[in-house]
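Both complexes below contain chain A, partnered by chain B and then by chain C.
So, the complex of A and B:
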């Protein structure tokens, strides 16, 4: 953005994200801000968050890596592998860096259920890595459901005894970005905010208010159907999905307005209920994801 | 006598709706939504006024009045009319599980509430809890100091 913006500024998500990212770009180019080092640890999870991040647009993931931050370590994205990758990880520990963690921390057998590499011939567990790097990081971002509260990795019966990041780093301030996966804007927007202005405003569960302040239910385009008691009975119905088990009324994200896959659609827009993936307690406490027996009246049950 | 009881229920229902709308208004910023809610408040108030006049009139004259003309249709979060003096055993409560078109009830501190159309109870489930049970302890551990939640919920009876 080269020309000056006069109020009223455009307040669409794209416009705000665009302004945020161009300001970062300008400040980096002028040398006003230094690129921060980022260590991205993938622990016990499915790598779903990093896949989601590749879909980032404002700023794009490529731009984030090349111009915004100095990504020191990410086992999915870096070229180095094996000992070389571990060396690169360990060489960052005494620098100033932001730690992003996706996946839960497996506690069973002293963390051996999740080994992220071998360092000096010994297996390096996710548990050990997160303790080392969590203590040294300037900021910690818990990315996705597993890192924020255990998520799918900690779902019953939880054979690996997985827990969220906070259990392992109880004294640290951790920015919580729940979601399964996290929306690329939620992570990249928070990262950009950290670099530009420091920590964003957060709620009592440490979620950035700019992304997690509104109940899905309160911005749902199908809200009028709820208010009038008109409920969907099957997935293709275009009315309120409440009776099928929609978790929009208990989930705080901006999905209805931001939307997914390049801001084109979202679950309710495609006639499927919200499963509350960004709620603490997902998935166990958000189940059942779908119920057909609430509205259907069957004689001789 | 049945008419008096039904009018009273309808008034209670409207009062619940009004409280809910008021709590919603206090959190609402969107002006279009606000207008809609104000309109509904206005409608509820008119209905309450009408019903209270009717009730007073009925006490004086003891005249019989047909139900269908008394109760204005109100589809807002409508629940099956039930006597809120009803008593439930824990076994009876268990049948109100929200399945197969049945209402969903839960008990807290001996009072049975209707959560059929409570927004936090989609598909009659709430953070892993299913309806038809006594959740006194769960409510105390998760919603300590949030008695306002209970105040806005329709009461259907008592747990014995």
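So, the complex of A and C:
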């Protein structure tokens, strides 16, 4: 493998995402590529990822919808309901389509803890839907923490026996986009890459390197405080939040440079620790999120 | 002739719902609303670090996550005996305002408008029912607003992130107020972002909702229900500003009284849960999931106030705050949401004017060995409550009653239906093979769950039919 050189902060990925989406639009307009069909399944979760995608800018969600993909199914957004919605979903299964899934797969009671619709009179569980569509999809995107590894839906004691997509589709290649929620650029940028060039370069856990390559800690603007041992004692302090429980040292995303919601802010910018929402252990292995007594001063050491 | 209609999934809501409706002589005679998703947050929260509840509970809901950070912060402040600085409260309420704006704009344009406006631009929003009455020019204008609104609701979330770090699932709301200091640059940024949102609400959203009402007037007579209204209070009782919106009140058709939280009970007679009692106080117990329970049909429990079901949400708040020009119907509910968006803009402007830059609201907090607290707050969809107990510095109990639990409750042991169920009773269904009415009425409540709709005909063979 050739050595990856990661760009300095001035060349962050907003620009890459924007270039990608512009190219997609041009190519679609010129008829060089077809709009790809996308099935977006919301399973056991909070539907927060689709809300996050609505927050996308460059590409925006409306642009994605009108210029990049033919979104066939989305429980949150589609006009059709009931059987009609189910038919719209099922009519896609024999086409070429990309499957995007947010939310975990609930296994309890054979999946009945999460029913996403009723097809031919029978409840359609998230579990069944993922198996059907996962088998047929050209590409699969696990969108957000619950889909990548169970996330909050699978938090101890995991009453719904929720798992990530990989557990249900062990033989499939799944592009992992962890985050709670996913950053809209991570999803829309990956989607644009898929349409234009196929799968992006990924790490050994199947996360696209263009978004998940670097530890937050390594690009944190508060890193100098860490290096000098100047630590915050409470939220709102402007120094390193490590001792309040910051998970930046174990979490790989580009949050420090990309930031959120039109690049205006991010958790550390809000004087709070990163809670590791894009780490595979989130939430159980990232807790406590906030604690005021992580370290003790030991005398005479 | 009896007919059962099943709608599953009821789309354009947050979460999953199924609805069973029995239609007799073209009228709805029975309804069951069924929540179709269970994760068990109340079980998950036990043994966690109490401070984590603020971020953890936000994951209940992607569209109204800040609401849960508000309720859990209030519950922790109650448990830890922390007095909130007024400046802290202003900032936190500003974040909450941003969520109201984001939610109401998205609910109206992305979830409600496709029921009434024919959107042909993308296949996703193609509808198959035919009851579209808007003249072409009006229809075209509103389809444009559907897409325009995406940029507006997005900037409402951007405002939220200015103080809250990110959205959904913000980091800013916390015990004591918010986690960061409001600098003058942030205050000005919010004021500047707010202006186009205010303009959009005034010039597009409110006229659009009245235009829809004009062409679909029968919805002023549909979807009424019990007429019982409840609010925990919203943007009320500021030390210097008084009440900017509405005080904690409950009303039935013949009385209005001050809300008293000791009258809340939760019932699980028809829900997939077991506990030693089927009726309990919120702070008493948390029921365990039990899908094998006979008679039960939903994951949604049934909260009651003085043993009665109550409607919560924007319409309840506006009427209880003294607006007398609104009735109780599906259309009034939808109009109320748009009118409330304008009200929230005004409140946010008032609060922004009161913010003093760089006030510190955070401290190093310590956990008690044992304590209990509750946080009740009205949020986008209505009354939200968190009740928690701490033991050995860990969460030992957590109870959550969400607004959609109030509105989409199951029936109770007395046979009283949930609010939304009752609202559908008697609804004339023009075409039982393609009932547009059910989805429109249910969406007027802005349901937040995983659910679907069915119509049953008892005794007859069940026929599942398409609902457009």
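We adopt the following convention: the second predicted complex is superposed on the first by the 281 of 301 C-alpha atoms of A that agree within 3 Å, B and C clash if a C-alpha of one lies under 4 Å from a C-alpha of the other, contacts with A are read in each partner's own complex, and residues count from 1 in each chain.
The definition used in the following text is that a residue touches a chain if its C-beta (ideal position, glycine included) is under 8 Å from a C-beta of that chain, and two chains touch if they have at least 3 such contacts.
None of the values given here were measured: they were computed from a predicted structure.
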{"item": "Touched partner set for A:291, first chain B, second chain C, both or neither", "value": "both"}
{"item": "Chain B versus chain C as contact partner of A:281, first or second or both or neither", "value": "first"}
{"item": "Partner contacting more residues of chain A (chain B vs chain C)", "value": "C"}
{"item": "First (chain B), second (chain C), both or neither touched by A:217", "value": "first"}
{"item": "Touched partner set for A:250, first chain B, second chain C, both or neither", "value": "first"}
{"item": "Contacts of A:209 with chain B and chain C, given as first, second, both or neither", "value": "neither"}
{"item": "Which of chain B and chain C A:228 touches, first, second, both or neither", "value": "first"}
{"item": "On chain A, the residue positions that both chain B and chain C contact, one per complex", "value": "287-288, 290-291"}
{"item": "In the complex, chain A residues that touch chain B", "value": "217-218, 226-229, 242-250, 273, 281, 284-288, 290-291, 293-298, 301"}
{"item": "Interfacial residue positions of chain B with respect to chain A in the complex", "value": "27-28, 36, 75-78, 98-101, 117, 119-120, 122-128"}
{"item": "Chain A-facing residues of chain C, complex", "value": "6-16, 18, 36-40, 43-44, 47-49, 51-52, 54-56, 59-63, 65, 106, 110-111, 114, 119, 121-128, 147, 150-151, 153-155, 157-158, 160-172, 174, 179-181, 189, 289, 291, 360-366, 439, 450, 452-454, 462, 464-468"}
{"item": "Chain C-facing residues of chain A, complex", "value": "42, 44-52, 54-57, 60-62, 65-66, 70-72, 74-87, 106, 109, 112-118, 120-121, 123, 151-153, 155-160, 162, 180-181, 233-236, 260-262, 264-267, 269-272, 275, 277, 283, 287-292"}
